[in-house]
Structure formats: C-alpha cells, structure tokens
Amino acid sequence: MGLIGAGVMGADHANTLRHSVAGARLAGVHDTDRQRAAMVAGIAGARVHPSDHELIESPDVDAVIIASHDSAHARQVLACIRAGKPVLCEKPLAPSIEDCQEILTAQQQRGMGDLVSIGFMRRFHPGFTAMKAELDSAVLGEPLLALASHRNVRAYPTGGSVGTLTNSAVHDIDITEWLLGSPITEVGWFAPKPTSLDRDRHDPQLIHLRTASGVLISVDLFVNAQYGYDVRYELVCERGTVRLAASVPILTDRDLAHGYAHATDWRAFFADAYRLELQAWVDATSSGRATALATVSDGLRSTLVAQALVRSMHTRQPVAVSEVSPGHSAHHADDVDLPV
Amino acid sequence: MGLIGAGVMGADHANTLRHSVAGARLAGVHDTDRQRAAMVAGIAGARVHPSDHELIESPDVDAVIIASHDSAHARQVLACIRAGKPVLCEKPLAPSIEDCQEILTAQQQRGMGDLVSIGFMRRFHPGFTAMKAELDSAVLGEPLLALASHRNVRAYPTGGSVGTLTNSAVHDIDITEWLLGSPITEVGWFAPKPTSLDRDRHDPQLIHLRTASGVLISVDLFVNAQYGYDVRYELVCERGTVRLAASVPILTDRDLAHGYAHATDWRAFFADAYRLELQAWVDATSSGRATALATVSDGLRSTLVAQALVRSMHTRQPVAVSEVSPGHSAHHADDVDLPV
Amino acid sequence: MGLIGAGVMGADHANTLRHSVAGARLAGVHDTDRQRAAMVAGIAGARVHPSDHELIESPDVDAVIIASHDSAHARQVLACIRAGKPVLCEKPLAPSIEDCQEILTAQQQRGMGDLVSIGFMRRFHPGFTAMKAELDSAVLGEPLLALASHRNVRAYPTGGSVGTLTNSAVHDIDITEWLLGSPITEVGWFAPKPTSLDRDRHDPQLIHLRTASGVLISVDLFVNAQYGYDVRYELVCERGTVRLAASVPILTDRDLAHGYAHATDWRAFFADAYRLELQAWVDATSSGRATALATVSDGLRSTLVAQALVRSMHTRQPVAVSEVSPGHSAHHADDVDLPV
Amino acid sequence: MGLIGAGVMGADHANTLRHSVAGARLAGVHDTDRQRAAMVAGIAGARVHPSDHELIESPDVDAVIIASHDSAHARQVLACIRAGKPVLCEKPLAPSIEDCQEILTAQQQRGMGDLVSIGFMRRFHPGFTAMKAELDSAVLGEPLLALASHRNVRAYPTGGSVGTLTNSAVHDIDITEWLLGSPITEVGWFAPKPTSLDRDRHDPQLIHLRTASGVLISVDLFVNAQYGYDVRYELVCERGTVRLAASVPILTDRDLAHGYAHATDWRAFFADAYRLELQAWVDATSSGRATALATVSDGLRSTLVAQALVRSMHTRQPVAVSEVSPGHSAHHADDVDLPV
C-alpha cells in the first residue's frame, strides 16, 4: 500500500495497517512535509516518495490511501484512476461538486468498476452494522423517523457554520443513505441561539433530511458540546425502535456518581470502524472484488446534500437536493454566515 | 373534595386521593352516568350529586376536581370560580381559546389569585423536577436545544392529526415552558410518511418549538409507536446535557435478552406525578397558598401554541404564536388533514 | 397516630404521615428530649406526651409508631400490646432474642392476631415488590442463587463488626426470607482485609445465607463504601435472572463523563418504600385488617439469623440458625472483634 | 504459523489470522482428522502436515498454535520447546499438574525465556484491560473485594462438576491473578441446590478465592444459565468500584420491552479478545519480544487453584492452594460428585 499524507489521519492509517490489518504492508509514503513522511515510513519499513505522482506510479504500490489535504484529493484520485490503482480517499472526496463529477466521469470512462473508495468509516462501526442488520430483518417494520446527534468536544478554529455541514454532517448524510437504502431528496436547516463559547459559527445546528422513501431524519450537530465526543442514531420504525448503544468497556462508581467516560474524539469512538474499513478495503483490493466502502457516487451525493443544507442555511427554506446546481460552491459564503 | 367525572381519569384521581394523598377526603361525586358516579362515590364513602352545579355549590365540598368531558370543562370551571372554590381541571382547560380567555377574565375579575389549576402532571414527575433542578443549578450552562419524544402504544380511534397536537403535544409545550421559564414564540410542523398501521392521521409528527430565550425544541410525537409508552426529554446545554432516565424497578435476563418492560400507558408512567400533583394541590388548597400547578395562563398559552402548530401543519410554514387569532379553531379542519 | 421517638427516623415518619399518607393524623408525640418532641408535634398540630406510657394509653391515640432507642423498643411494644393498640416498631424489634420472644408470647396470649408490625421497609420498595412479582410469575423458574450488595457511604462511629450484622444485614435477611418464602437455616461469614479508611471493624464483610428451600444467598456489606449508598439484589433462577434497577430520575453528560448521582443515604434510596409502608400500615390499622408488614415472628427470625452470623464471624465456621440459643447475646463480643 | 487442531477453536484462530491479524500467515495445518485439516488449510493456502511432529519441525513454520485435544497439549508443547519454536497453547496447558511442571522445567532448562504462551484471552478483552488500567491508576484505592459471574447458556454434556472448575473457573482464576497482581492462596467452594435442567452436576457453583494481598473474590459459575452467555466482574475498592460494562452494539424497543441481545457463546463475547491476543502473540513472536500472554507459570498456577477448588468441593472446607500436592488429580472423582 502507498500512503499520501502523513498527518494525524495518515499516521493513524499507517499504524492500523501495521498493527491490526491482515494481508497488507505499507510500501511507500509521501507527504509534502518530507520529515513527517520519513517518520511514518521509517516505522513501517516503507520507502519515502518525493512526489505523490511518483508514489502512485511506483510498481511497489498496488493501492493507494489518500489522507492529504482536502484540496489535493481530486488531483491525486484522478492520477490513481489513470494508473489503474485502487484508492481509498479520506472524505470528502473533493470539496467541489465539479471535482467529484470529474472523478466519477474518469472512473466510468475507464469502465472497470469502482477503483475509488471513500473513507466513510461509520459504515463499518459495529453499532451501525448491527442497526442495519436489525432494520433489514424487518422485525421492526418500515423505518419512519430517524433521530441523530453528532457532537464534538470542541470545534476546530476554522470551518465556521458551513464547515459543520461539509465536514461533520456529511457523515450523518452518508450513513443515513446507507442505512435506509434511499437517497436524500430534500433538506431543511435550523438553529437555536449559538453557544456563548464560540462566537464564530452557528452551533448547535439542527438539520432535517428526507429520503425518497419518505423517512424524515433529524440530526443535531454540536461541535462545541464540551461534555464529550458523542454520536447517536435512533431509527423509529412502525413496530419499534433501534439505536446505537454506548459502547464502553467499564463502569465506575465513585465520588457519589455512577457512570462511564466519554470518548474525547472521533478516533477513539470509531477505532473499530477504521480498522474494519481498512481491512475490508485491503481484502477487496487483494482479491479484486468490489469493496463495501462508499463509492464516488456516494461521495458526490453526500457533497450535494451538504451543499443543499448550506443553501437552506442561507435561505432558511427547505431545499430540494435537485436544486443544487453543480456550479454552486458554498465556501465563499462561510465568513458572512455568522449567527446574528 | 368534590369530583366531577367518574371515568378512567376521575376514578384514578378518586383512588389516588383515597390511598395516597394526605389531608383530603372525597366528599361528593357527579357524573352524567349516575351509576358510574355511584360506584366511585361508594368506595370512598362520598355523596353522589345529581348535577355538577349542585356538587360545586355543596357546602361539603371545599374544592373541585374536574375530570369530565373536555367540552364541559369551561362551564364547570366558571361555576367553580363563581362559587369561589379552588378547582383542579384536567387538561385541556378548554378546547377553544375563547373559553380559556373567558376563564382567565373571570378569575382576574374575582381578584383573589389563582383559583384554577390545570392537570399538567409532568411538572411533578420526579424526572422533570430533577431536570429543572439540574438546569437551575447552572452547572450545565445555558440551555440551547431540547430533544423530546412522546410515544403511545396505540392511538385513540378519534383525534386525527390535530388531536395529536391538542391532546398530546400540549404536555410537551407546557413542560417546555415550565422547564425553560420562557414562552414559546414560534413553531414549525413536519412529518415523515405515516405509519401503515394507522391511515387516519399523520403519525409520527415532528414539531419544532422556539422560546423567546432562543432555545429550539424538537419533539417527535408518535401515537402508534407500538413498542410501549415512552416519554423522553433531553436538554442540551452549553457545558453538558441532562435527560430523563428510564425509571424502572427491575431488569431481567431471559431468552437471550436483557432489558426491562415498557409502561403500556401514561398512567403507569406518570403515577408518581399524578400523586404528587394531587398532594401539592391539596396542600395548597388546604392552606390557602398558591399552587405550584399550571395556571389558567399556562393552559391558555399551551392551547395557543398547539393552535399555532395546527396552522403550521396546514400551511407547512413556521408560525409565530402571536399570529394565532383567538377566533381561530382548528377542530373543523381535522378530517380534511389526512396524510397524502 | 402516636409517635414515640422524635429523632431522625421519627421526624421522618411524622413528615411522611403529614405530607404523603392518606387517612391518618399525628395526634401525639413523646420523646425523652421534650423539646425535640415539641418541635415535631408543633408542625403536625399534635399533643406532646410526657411519657411513652401516657401516649400509649391516651384515648386520642389509636395506633403507635415506635422510633425510639433500640433498647426501649421491647418495653414500649409490650405496653402497646397490653393497651391493645397496633404498633409499628422500627427495626430491630429488640436487640435480644429473649425480648423478641417475650413480645411474641405476649401477642400470642392476647390471641387477636398481629398487633405488632416491624419497619422492614424494603418489602415496600417498588424494586423489591416488582422482583417478587416476577419471581412469583414463575417465568424465570426456581430461584437458585441470590447476589446482593448493601453499601453505605460512611459507617457510624459505633457499631463495630457486629453492628454491621445486627443493624445492616438484618435488612438483607428479612428481604431474602420475604422474597423467597423460605426460612434461612444456615449462614456463613467471610471477609477480605478491611478498608484502611476504618480500623474499627471488619469492612467489607461477605455473608452467605441458605434457605430451607436450597437457595444460596451471598451478600456483601460495606459500610464505608464511600462512593454512594447502594443496595443491589439479583435473583438467579433456572431460566433467567431478575435484579433491582438503579432507579434514578435523570442522567447527565458533562466533564467527559456520563452518569447519574448516587443516593447519599438510605432515606433517599428508600423514600418510596417508607411512604408505601406507612400507608399500608395506616390502611390496615384503620380497617382492622392484617398488615403486609413484617411481623414479630419475622423480626425474631431476622435477629436469630443475625446472631448466627455473629457466631460464624467468631468461629469462622458455617452456623445453623437452630444452633443459636436464646440465651446468646453477641453485644459484649463487639469490641474484641477487630480485624487482625 | 502452524496450527495443530482444526476443530472449532482452531478454525476460529485460522480465520482470525487470515482476516484480522497483521504480520502473519498460516503456513501449515495438522489435525488427526485429515479432512478437517485440509479444509482449514485450503482456505488459507497452507500445507497439510500428516503429523504434529512434522508440522512442528517444518522449516516453513516459525511458530505454532495448539488447539488440539487437551490430552495432546503437553506432548506437543514439549516438542515445540525442543524445536525452539514459540507456541500459543489453548488453555488448559495440560490437565495434570505434573505435565504443567514438566513443561515449565523443559522451558527453564532451555534457558531462553518464555517460549510458551497460553490462551487466557480475557487478558486482552477491552473491558478487563480498561479495568486493570483503572485499578492501576489508584484513583479507587486498594481493591478489597471482587464479585464475578461466569454463565453459559448450556453445559457440554460431559465435564460434570469438576469440569466447571477445570474448564470454566480457570478463566476467572487467571484473570483475577492478572488483575490483582497477587497469587491466590486459599479457596472455598459452595453451591445451592442444582438447577433441575441438568441432573449431572452441581450447577450453579459459587467459589471464593483469596489472594496473598488479602482480597476476597466471589465467583458464581452457572453453565446452564439459559438466558445468555454472560461474564461479569466488579472490583470493590476503598474509594469506589469498577466493573465490566455490557458491550453491546445496539438497543431495541419492541413488544413492550427495551433491551439488548445476549451473546450466545464465548466466541462472540470474546471475539475482540481473541483477535487482540493473537495479534499480540504474532507481534511478540515476530520481534522476538516477550509476550503479554499468560505464561507456563500462570497456566500451572491456575491449574493448581482449580485443583484446590476441586478438593474444597469434596471436603466442603476451605483449602490452601499450597496443600494441593502435584500427585493429586481430580478427574477420577468427577462421576462420584453428583449433587445430592
């Protein structure tokens, strides 16, 4: 495997590959920061490549993991498609819809199935997979309503209100379509007064998603929730409900309190999901089978839905996903959308 | 105490008064069904009164509990005010806003404080009172968002989509204003496709409430949830969250499952709340102190908010509570609002 | 009702009677500390009696609650029996087996059923009553094993290792016989090294109880558990288990932790049980029916079992309850039984 | 890696190695049933070896996993030691104490550290490792008491009362010594009447373990618990408690019940533990570092403690582990120890 991007997420993937995934070996690393690349490569006994291009072309590299800056994703993914190498690209596939579509076209023209997988790791989280199995068993009947929460301890300084949608909500969007097997066709955006602990964005936000199958999904996004990293999801069906359990190893009693510790960030919360995702990708890549990971189409669709949410945030009206023109980009709107 | 209405709720109150409330005795009962009245009165050793008027006027009766049909509430409450007797009226105070306002005016003209209390029993549920105490302690900081669920096993055959708002959602409305200490000023109404188990109404529904203080509240209402009677409420604050715990006496393990039994209806779920409410009302009534129960103003406000929700259901637009004119009544609209 | 003993427990009963129990009124109070008696009596509008004897004999007093010092119980209960008045005596009925037997004899000679009830309030705790209902439903099959915990935040300075058995374990003994409907016939006593936070007693202790029906019960008793007041009980049956749920009103998330607050003492934990017990006693007393409370025989049996445990603590051998001679008293042994 | 034994456990290891463990490959398989060996080998692309001896000696095999019949363990482990190859032997290391000691001696004579690791997988279960971390953090103070449960859905037809101790309790013994870092020096054995669903053994059993450090551990073992596979462990310390949480992916509400599904056997419950154990062993083996797995000494000690429990079962007295002579074997006593 080759790895492009040796930052937090890339180093994490290298570590998972080395210590927890069967059937693969890290052969090459590239990072714009050569020292960072050397560190990650050194541990794994891999080569450092001076450019992403060279890594992608290297005969030692059978498949590529992209964990570079979002802005480089599209170019690197296209290079992998040209080289005919399977690629696992961290989400988002690309910040702009045009780039997503260019990748989709390039892959289709090549005509040999999905080369590109996207790192929507929730699809491999044991809670989400068990929830899908429960739903698919039909014991609970048709899903009608979903209630979800997506909460971080503290926001990144950059990102703003739009970033919450394009960086965080995309996970809720993707997992919703995957769970329900139906595309999201309409969205709505809402917010209470923002937390006084962050004056730079709407926080929390509350979003509505509607699927073609008629399910309504409500998700609260709170990037400064302070209390812990917390992801919840409940499906309310005709004959019952199913929700993620808090998966914790131990419970304690002390100081007049009973309870458990929250995860502090997404990596601890989704450690199993990342491992299982990488394993599934390695297994598929090695055997030439299609992966169970999100595809370019999935990535494009989640970006479109996020853009529809950005528009709804600006207009305070429901927005059909079909309204979002490919020429639209929300990023310039970011700094004018402070809460009032 | 005198009791008007010896149906399910009235018999429940008589029973609670007799077996669980200190300092009061049931002295008189009236019901349009005399036999029913006699049965409840007999157990308690109380007199049966041939008319509500006579019961209210009876010198044996110091205070009146009204658990009659909703349509009789206003007339009976007004008679109590004229008689100068404290009255605990089951919710809703009256189905029409005009009736609520007439009661408010009558009480104000009498000029001796609140004679009328309304049976919004949630205010006495140990979970809600603990949640309010936690909120008031300010440890969690300002509330920003609330997420609530209100689910019944099976709908009453009548009621329709409007009934869900005027009968069920009023509880969520009242408890929200009580918890947050701020009036609801705007509402929104949403729904997924309806459950196939009930073709007569929108079910579930999802409502948004906004307080003057800027909090956004999302409540799902599902009167055919099948799985159990279930009320949830979570307050998401700047520094943490607080929510109702499932208050159950025992946990079992059998047949490869761990868990607990759901309540089948609101009476089991709120048994403590009903007892504590009645006790608080008896204590206040006996001592001439103001009650901690919901007042006529509270009852009027919850009816106004429910009517705003009905309008939002019809227009699919957000509705300001101030828009709801006193002349508006939603009841005629009920049967034309089937889900499409 | 008359109340003898206006300390913590007596004041609690007076308060419960006044604010939460139907059909009774506090008419008289006696305490060796007259001021304390006057305070409790004043709130309730009751008379202060200069002696327990006078209170018991007073025609205003139909029934008597005894919450005095343990050493006075026997004499006062015997006086109530002579006066033919129902009495609710706080546990223990009497510290010595001879006194318990004298009361039993006096009551039997009078020949009109149980006049004396004992305040083993656990029998009215909603968790224990639900557990008994589950057991009696036979869904889980025969009980085989019970696992219980009884933990306090901090020990009273006096009491020592014996006190843990005669004051705390008696509750576990009584509830076990009540739940299982079979007498305890054999006991065993065990302990780990004691906590360093209390050098004056064995703490924690672990006791075994065996019923005539063959069930083995293991209870850990930890009077300096620090973390909270906590009572647990699980019945392991042939086809499944049932246990007490933690009955808490709210859950919170903050400071990277999820959880709930523990009770700090038994009064908060068993508030419902005390209320329901007093109500059941008042209902039975008013109507002349037998009470569902523990009887003199129950009280005697729990004392015998506790004494068998004291003997087992001294001998480190299993002890048959039948071995415990009525002449035996463990109290003198208390101070020689420090952990080594 | 070479695998001896291609039954349930062996096939499981082969599968884990292939799909979830980094850095190793199955090169050879042996089983007395050649067809079974061929099936497991075929999937992994490994060779089938006609004898265990040949597999152990094969130059393709760097390290050996033994999952054969218990009676073959000692001979095969000794052969691995002679061949100088690291070996992961499923528990028990050997049924007899003499065999364990012979292995220990052989390894010591070779003088190059621990070649032999034993599959006590609980040491890698995320709950147990988190519990050890909590204990080691010293926040809760000294451990005093431990309360554990070990319950299966249904017993194997063979095994009897002794089998519960030598096959099941050894896990509780090993994890206790590992958690507490102190050897068990004394044991006690107890039982209620047995379940009517299995007349062939004492079931449930309750055992006491005491460590040199003074901690008392009580474990109930119930191999016919019916309701699910369930392992619990709580450490009661001076300032609080820590226990395993039920690690489940989802919660459901339906049919008037809330809850989650129990595991049906140990493999689902400990899947993570098996994976992490095998990974740790592969990592250590590849790098020549000492493993974190249980050693021969650990295996010998757990067998000694189990034998002391067998003796306690027969004598109904506490037994010091030092009393258990190496010549003692409990297996012949099995069929005479039916519950009476």
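Going by the order they are written in, the chains are A, B, C and D; count residues from 1 in each one.
Following the convention adopted for this analysis, contacts are C-beta pairs under 8 Å (C-beta built on N, C-alpha and C of every residue); 3 or more make two chains touch, one makes a residue touch a chain.
Remember, predicted model here, so these are calculated numbers, not experimental data.
Under the touch definition stated at the top, chain C and chain D share these contacting partners: A, B. The pair with more inter-chain C-beta contacts, choosing from B-D and B-C, is B-C. With centres set at the average Cα position, the gap from chain A to chain B is 43 Å.
Note: centroid distance chain B to chain C, computed from Cα atoms, is 39 Å. Inter-chain centre distance (chain B to chain D, centres taken as mean C-alpha positions): 57 Å.
Multi-chain contact residues of chain C (touching two or more other chains) are listed as 226-227, 239-241, 253-255, 260.
The touching residues of chain A, counted against chain C in their complex, run 153, 226-228, 230, 246, 253-262, 264. Listed in rising order, the residues of chain B touching chain C in the complex are 17-24, 126-127, 129-131, 134, 139-140, 239-245, 247-255, 260, 279, 283.
The part of chain B that touches chain A in the complex is made up of residues 141-142, 144-145, 147, 149, 188, 190-197, 204, 206, 208, 210, 213-216, 218, 220, 222, 225-227, 236, 238-241.
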